[in-house]
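Labels run A, B, C and D following the written order; every chain starts at residue 1.
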Amino acid sequence: MSKKAHHPSHSVVSRERITDQDELGLERLIFFSDAVFAIAITLLALDLRLPSGGGSPSNAQLLAQLLEIWPKYLAYLVSFLAIGTFWLGHHRRFRFIRRYDRGLLTFNLLFLMVIAFIPFPTSVISESGNRTATIFYALTMILGGLMLAALWWHASWHHRLTDPGLDARQARRQFVPMLLTVALFVMSIGLAFLNESLARFSWLLVVPISRFGQRG
Amino acid sequence: MSKKAHHPSHSVVSRERITDQDELGLERLIFFSDAVFAIAITLLALDLRLPSGGGSPSNAQLLAQLLEIWPKYLAYLVSFLAIGTFWLGHHRRFRFIRRYDRGLLTFNLLFLMVIAFIPFPTSVISESGNRTATIFYALTMILGGLMLAALWWHASWHHRLTDPGLDARQARRQFVPMLLTVALFVMSIGLAFLNESLARFSWLLVVPISRFGQRG
Amino acid sequence: MSKKAHHPSHSVVSRERITDQDELGLERLIFFSDAVFAIAITLLALDLRLPSGGGSPSNAQLLAQLLEIWPKYLAYLVSFLAIGTFWLGHHRRFRFIRRYDRGLLTFNLLFLMVIAFIPFPTSVISESGNRTATIFYALTMILGGLMLAALWWHASWHHRLTDPGLDARQARRQFVPMLLTVALFVMSIGLAFLNESLARFSWLLVVPISRFGQRG
Amino acid sequence: MSKKAHHPSHSVVSRERITDQDELGLERLIFFSDAVFAIAITLLALDLRLPSGGGSPSNAQLLAQLLEIWPKYLAYLVSFLAIGTFWLGHHRRFRFIRRYDRGLLTFNLLFLMVIAFIPFPTSVISESGNRTATIFYALTMILGGLMLAALWWHASWHHRLTDPGLDARQARRQFVPMLLTVALFVMSIGLAFLNESLARFSWLLVVPISRFGQRG
């Protein structure tokens, strides 16, 4: 009964009410985040465009154009998986979060700022696959991973906002996939100096890596 | 009481809580999907543009321009119906889904990747109505249908994630409209070698076909 | 207890469950619609663009450019109010809707197809304020009004999907603002042959008109 | 029990039902607003574009291009924080709102019209950092702050729509951060006549200012 914490500052309004409102507030926060994720992930497709040529192409010409832009498809795929993985990570951590405070709102907003930014490096890398583009992309992902880690650190530190039933080891284990993801992208920056393509293909490891430490 | 399954891995947190959270998690999944559907369907309109000509056109010129882009209206209509039909299919299947697991999250994400992709082939086909564009469009729809079928197969296999009250025949029957839709688009690829317009008009059959096996 | 209708076709699943799911289904429908409204209304702003000129303008030049595009601001304002009014109309009618069927899903989808289309005539009219643009815009709004009327007719006919407590007079009264809105836009087409600006300013009447018959 | 107000005009439908529907209606309003916020905040990234140059740039050229557009990053950051702050302000005020009426719907719609408009002045200021652009941006923010203040005034006046437990002092205190924000942007217009950069950097004060009067 007394499990749920209250914002002590709003004591004028009856406690029960506020608790309901707190849950509504947390729901709004999650909802708003989901909407930003959904929009960012769908906007990725706006970058899929044929090279604007004059006139109506023949069947063979159009086929050539469709095949020619394969780096755009790859960029779409990688960024879709990346935003999807971030969404899953957000999803999984918020399963254990029961309350919110201004710090959580702020960290969440900064994290979303990175998510909404992702279509830009995606666009850059689909235009030009060189080393600068590769590093720019990797840096964005590193920032995203660090923001999510900061959010979780803020929320889980001494059970500040998490479920009291969540044990400390489980809370710490949540950092593993995030830090592995950050490490992967840091490493890919090194790889980019050897071979840009290799660096970019290494990013597909984000999918298996994001599972580490989640089960059992 | 024991009808609902739990994620056994999170046994530290009290059972009741987790069940609530599971429902919240499923809601977030559905919500996120709906948002992607809604954005993809609304972005279709971004492709409606007049040919950029200089100066201010006369009444007759503007009318001619508005009529001239009829393939864009047709593409908008067909893709709106297609995404709408996919949404209805998703909607209908998730009525029977009670739980989620990582597999469902992954299949759902892949399915959404196709949905968010649809504005691109729509844009291609509204620019150029040739055979290549027609086949490209049909292939996208086939992929979408197969993804939804894979999602449902994953969810309904041995009642993995579905309501226990859903009988096996009813579960299997859900495949009928999806496979008919896939068959329709496969067939339209054949038609495209005879007549592109015929192929594209055949797509309007997606609306009646998607109803098969739904009632009674 | 027996107030709520069921989809008789799904009798295998326990009744209670299905009723819950029906409410969830109706929520998803409303949610999906709201998302389409929100996206369409926000995309209106994408059309606000300065004429792309070379170099960096002076303070006076930029001010002139910002003032020069006043028809775009007007179009933004009118379409924002129009989509907002349609949203309010949708909102108000769905307060009385308790169930859904395939007909409602279809009418709703067709209605949303018009809503998502609105940014296009808005863009046309903000580029060129001539008679053709004015009529094209008005026709879109007429179609939207008729679709919403069809949706409400489908839902409220013999209490098919509405609350049993809604009396017939109240149900019929809901048609008044929709039909007045349609009449306004029909009339504005006539006005457009006299004076395009007059026709467009008449649209601002949509705000007071949409209130008719709502209270008391 | 009698705490919640009803729309007296809909007395035909049973009271209990309408109350539930009222809450649903308020939820839809909040949801719709959140979606508009989320879309507007994510659309900001659409403005991040490299200067379209021919051919594939070298590593050094691309790096130069990425650095060259720093005013776009700054504009993205400032507008993300501004929309985020408006969202928090909306969020915080709606925690105390229990009912809605047509006035609230209208003020909310006008407020959202400003929010959805923000990407435009953001785009203007990221193209050209001169005084006119600075003032145009500040005026938009002032309008947003005034709209939110009007909304709160409408809702909290004599507890029209707010929780009865909210005391008058607390209600009035909600105006403080909004009016300080408005004052900040008014002041920045004055600063813009001295130094445009100074004016724009002063906007970062919006983050600490928005906290005033919120706690204790």
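Quick note on the criterion: contacts are C-beta pairs under 8 Å (C-beta built on N, C-alpha and C of every residue); 3 or more make two chains touch, one makes a residue touch a chain.
Small disclaimer: the values here were computed from a predicted structure and weren't measured.
S.K.: Return the chain whose centre of C-alpha atoms lies at maximal distance from the corresponding centre of chain C.
M.R.: The chain lying farthest from chain C is A.
S.K.: If I list every residue number at the interface of chain B and chain C, are over half of them used by both copies, so same, or under half, so different?
M.R.: Shared-number fraction below one half, so different.
S.K.: Which integer distance in Å separates the CA centroid of chain A from that of chain C?
M.R.: 33
S.K.: Rounded to the nearest whole Å, what is the centre-to-centre distance of chain C and chain D, using the mean of the C-alpha atoms as each centre?
M.R.: 24
S.K.: Quick one: which residues in chain D touch 2 or more of the other chains?
M.R.: Correct list: 31, 35, 39, 43, 46.
S.K.: Spell out the part of chain D that touches chain C in their complex, as residue ranges.
M.R.: 9-10, 12-14, 17, 21, 24-25, 28, 31-32, 35-36, 39-40, 43, 46, 102, 105, 109, 112-113, 116-117, 119-120, 123-124, 127-128, 130-133, 136
S.K.: Would you mind writing out the residues of chain C in touch with chain D in their complex?
M.R.: By the definition above, chain C touches chain D via 30-31, 34-35, 37-39, 41-46, 48-50, 56-60, 62-63, 66, 76-77, 80-81, 84, 87-88, 91, 95-96, 163, 165-167, 170, 211, 214-216.
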